[in-house]
Amino acid sequence: MQGYTVPLSPRGIANLAPAPPWHYAGTVVGVEFFTTPAAAAATLPEGLTPDPDSAGRGVAMFVDWQYSSTGQEYLDPARAQYREFLVSLDARHHDTPVAWCPYIYVDNDSAMARGWVQGFPKKFGAVHQTRAYSVGGPGTPVLGAGGQFAATASAAGQRIAEARITLAQPVPDPAALMNRPLVNLRHFPRLAAGQHDKPAVHELVMAVLDDVAVSDAWAGIADLAFFPAHGEELADLAVQRTGRGFHFDLAYTVTDLKTLADHSS
Amino acid sequence: MQGYTVPLSPRGIANLAPAPPWHYAGTVVGVEFFTTPAAAAATLPEGLTPDPDSAGRGVAMFVDWQYSSTGQEYLDPARAQYREFLVSLDARHHDTPVAWCPYIYVDNDSAMARGWVQGFPKKFGAVHQTRAYSVGGPGTPVLGAGGQFAATASAAGQRIAEARITLAQPVPDPAALMNRPLVNLRHFPRLAAGQHDKPAVHELVMAVLDDVAVSDAWAGIADLAFFPAHGEELADLAVQRTGRGFHFDLAYTVTDLKTLADHSS
Amino acid sequence: MQGYTVPLSPRGIANLAPAPPWHYAGTVVGVEFFTTPAAAAATLPEGLTPDPDSAGRGVAMFVDWQYSSTGQEYLDPARAQYREFLVSLDARHHDTPVAWCPYIYVDNDSAMARGWVQGFPKKFGAVHQTRAYSVGGPGTPVLGAGGQFAATASAAGQRIAEARITLAQPVPDPAALMNRPLVNLRHFPRLAAGQHDKPAVHELVMAVLDDVAVSDAWAGIADLAFFPAHGEELADLAVQRTGRGFHFDLAYTVTDLKTLADHSS
Amino acid sequence: MQGYTVPLSPRGIANLAPAPPWHYAGTVVGVEFFTTPAAAAATLPEGLTPDPDSAGRGVAMFVDWQYSSTGQEYLDPARAQYREFLVSLDARHHDTPVAWCPYIYVDNDSAMARGWVQGFPKKFGAVHQTRAYSVGGPGTPVLGAGGQFAATASAAGQRIAEARITLAQPVPDPAALMNRPLVNLRHFPRLAAGQHDKPAVHELVMAVLDDVAVSDAWAGIADLAFFPAHGEELADLAVQRTGRGFHFDLAYTVTDLKTLADHSS
């Protein structure tokens, strides 16, 4: 049997995701926000603590992604493209400032499978963001000063997040947009009776992103709201105020993952 | 009651589409193709004849669209964005070379409603095209020489079209890409017994596109295939050979329509 | 060119809907509700007036439908099945008590096309209802006393309606569930400049339903809520109180339509 | 942090699936088929061998499911309902006849998460089956002799399976329909560099189904076809001939799983 994720199969082409490298290119609408320190802290797994320098700070990101491995997978766009909404919250792993991802939504099963392997707790969602077209005209914002972009996310037919940004100036130091390493929790439960609370996999992990590139980065003002929904806890991270909004293109490659603590049982 | 399309409503904001202007910006993957003159001719409505200079020639276009009216509708991207696949076939209206659209698919109800009003015979479909990101890297083709883009369309869970292009050179005269006016058939049937074959609306119409703009136009080689599917006749336009492939951004505004012949009963 | 709705085509099988008869079978979760008389009256088209005996009364219906014409279309379930949410409001056409449908949502393009032809102002939505399975067990409610059923509807990723019913007793007179004829507004606009407010079709019509059958009809208590959403006016019909809830199977055939008033221009 | 699957969260309601029990009720369209023994054998994981008594025999099942845990989850039908297509192949675990599931598709993220935990290699798909309504009429087949039902499955906009059955007689021994225990492969890879071929979880497991109930079971003749598709290997199990077709309602509860062999590394 061949393959990396399920389903393993005779020829190894049916699996949801092949073994890395996983290459990504995407367009990001991002909003810096602040929730209560208590709400943010309540989401942290064992091993992470609030960041005393930025308690309650988070980033909401809406991304129009395209994925490829070594086979020009982007030439199968029905599978290679997906839309994603995630929130990250500032935290610390020992003394290291990190970003913790409590909630993330995608509209594609291959992205969900890769995400689970990375420790991203992906659920399905419907995600959209305004797009800038180079051709101009009243059907598109400009990717520049004054350009307005909105983004929305829904889960199970319920709107859970809405954002809007108005661009003001280029970002002088785009690399700073990705300066906190992402920490996730790889978690895969057992189903055997008596072991439902003894997960087969329960590892605190740090993402390893290679060849990170950012282009066309603009910043400006932003609005953001999270909405209550059945089966969701995102709105518990009530937005107290927003910081800056961002718009940029992002690329990176994933081939590795660093385990910070392994609590698998 | 207010509104332009259904549903008419007290405040006029529930309608699928407001009255024009309708502004569009989109990214196009297009492929010139040739089917048999007989297959192309069989799709023509009364009032159009085959173009003797290009019998059997057509264009398949996959478009990632964004729409807006006067209210910055692009800030509601869950409604304003949609994906479209259409074929057009060369024809003549009297002596005028035109493009006739027999089949078109979109993934958005507002686009379907606007399309019907324009005479586009829109059905629902799932449409995807490879996207170029400025950030570069192995997750994206370059928008330039050597860049490869694929596009696919499906209806009711059945793949109906696949295209692939490899860009070679910029298009020297981008305006020529849109040089044939589109002719559609506005058609809306009656349901009263005995009148099922006496449509309330049956008009041959010519699209009026204002402020047409094309940018970033590249051409190259192309592959294209149409596949048989239950409830579809697209594959009857069997692709005999392909011409050039195109990639460009397109914008225009719709506020008007020209009636060529009105056979409404 | 053959076909009934668009697209007309050489073989007449690509059209979204063939000419009638259109046969339907469905399972209905229904809730009787009362909004303010003013809110209900505001939705009425010219030709209808509030029903003085039941001002503000309406019915919300969620239906899991299956459709067929003369070709056993139910053997193509990916196209023949769809889910629908609609509200109707009591009204009068002259002295005749009727039900007026201001808003309706489906998840299928063929259903949308047939609906437009009938005058139903259909938009796309995501609709779900609890289902009763004969096999029993904790995964299903009983179709009988004490059985609980919920239903939800969403538009563009926004929840617009939620209902819940608890069955108490069989409906003694099931035919009474469908005793008000449905009145719709067939409406199809013009696009030519200067004629955007002169619709090509604008007819007040009364549905003609043949061979209406109701089975397994139960009634009970009900909850219902409508929620505000961008681009929707449903929540303007704020639910003041609910009446009875219903669960039944419904079948009928459509081959005709009665025009009450033709304001087409 | 509370919850069973990801995402773990402060209140434990955001997770894709709570800890068992997981109760199911569903309607099944099933087709017995025979592929080549070699094609079937090629899909078997280590620990399973072909069944010498029925080499190449399989069952294709299309199921309209409803799920609930202990909280009447069926009252959130947008999450609780889903459609599934799976194939199972006869095999042996030592001397025990079992059914091995190489491929399975669902349209719901909670079902995908539960499936992975059970070892079902679920991907996303669009699945539909003809439904029988008690109300009768030309819009529905009868659930009885002569009733015809079709089912289809698609992945990434590509049709991968179509089935059709015509019912002939009740099944005398419905329990026999579920007489082979299902064997799955729980598999969850590592992402750390150098460990991509050392899965964190790789266990051969046998499903434990409690309170299995079957009702309304009918059998008849059947057709079945699998179609090639990008990124799928289902069609390698080419259908040589079909056996009987089935239609029945099915219920069971999942709270446990039996590990047959643990190759986790």
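The chains carry the letters A, B, C and D, assigned in the order they are written, with residues numbered from 1 in each.
To be clear about the criterion, contacts are C-beta pairs under 8 Å (C-beta built on N, C-alpha and C of every residue); 3 or more make two chains touch, one makes a residue touch a chain.
As the structure is a prediction and not an experimental result, all values here were calculated from the model.
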Interface sides of subunit A and subunit D: same vs different residues, half threshold: same
Inter-chain centre distance, subunit B versus subunit C - centres from mean C-alpha coordinates, in Å: 31
Rounded Å distance between subunit B and subunit D, as computed from the means of their C-alpha atoms: 39
Subunit C, residues touching no fewer than two other chains: 76, 78, 126, 128, 152, 154, 157
Overall pattern in which the protein chains touch one another (line/ring/star/complete/other): complete
Subunit B-touching residues of subunit D, taken from the complex the two chains share: 126, 128, 152-154, 157-159, 229
List of subunit D residues in touch with subunit C within their complex: 21, 23-27, 64, 66-68, 72, 74-78, 80-81, 126, 128-131, 133-141, 148-152, 154, 164, 211, 213-216, 249-253
Touch list for subunit B against partner subunit C, complex: 1, 4-11, 13-14, 16, 19-20, 42-43, 45-46, 76, 78-79, 102-104, 108-109, 112, 116-118, 121-124, 156-157, 185-193, 196-197, 200-201, 205, 230-234, 236, 254-259, 264
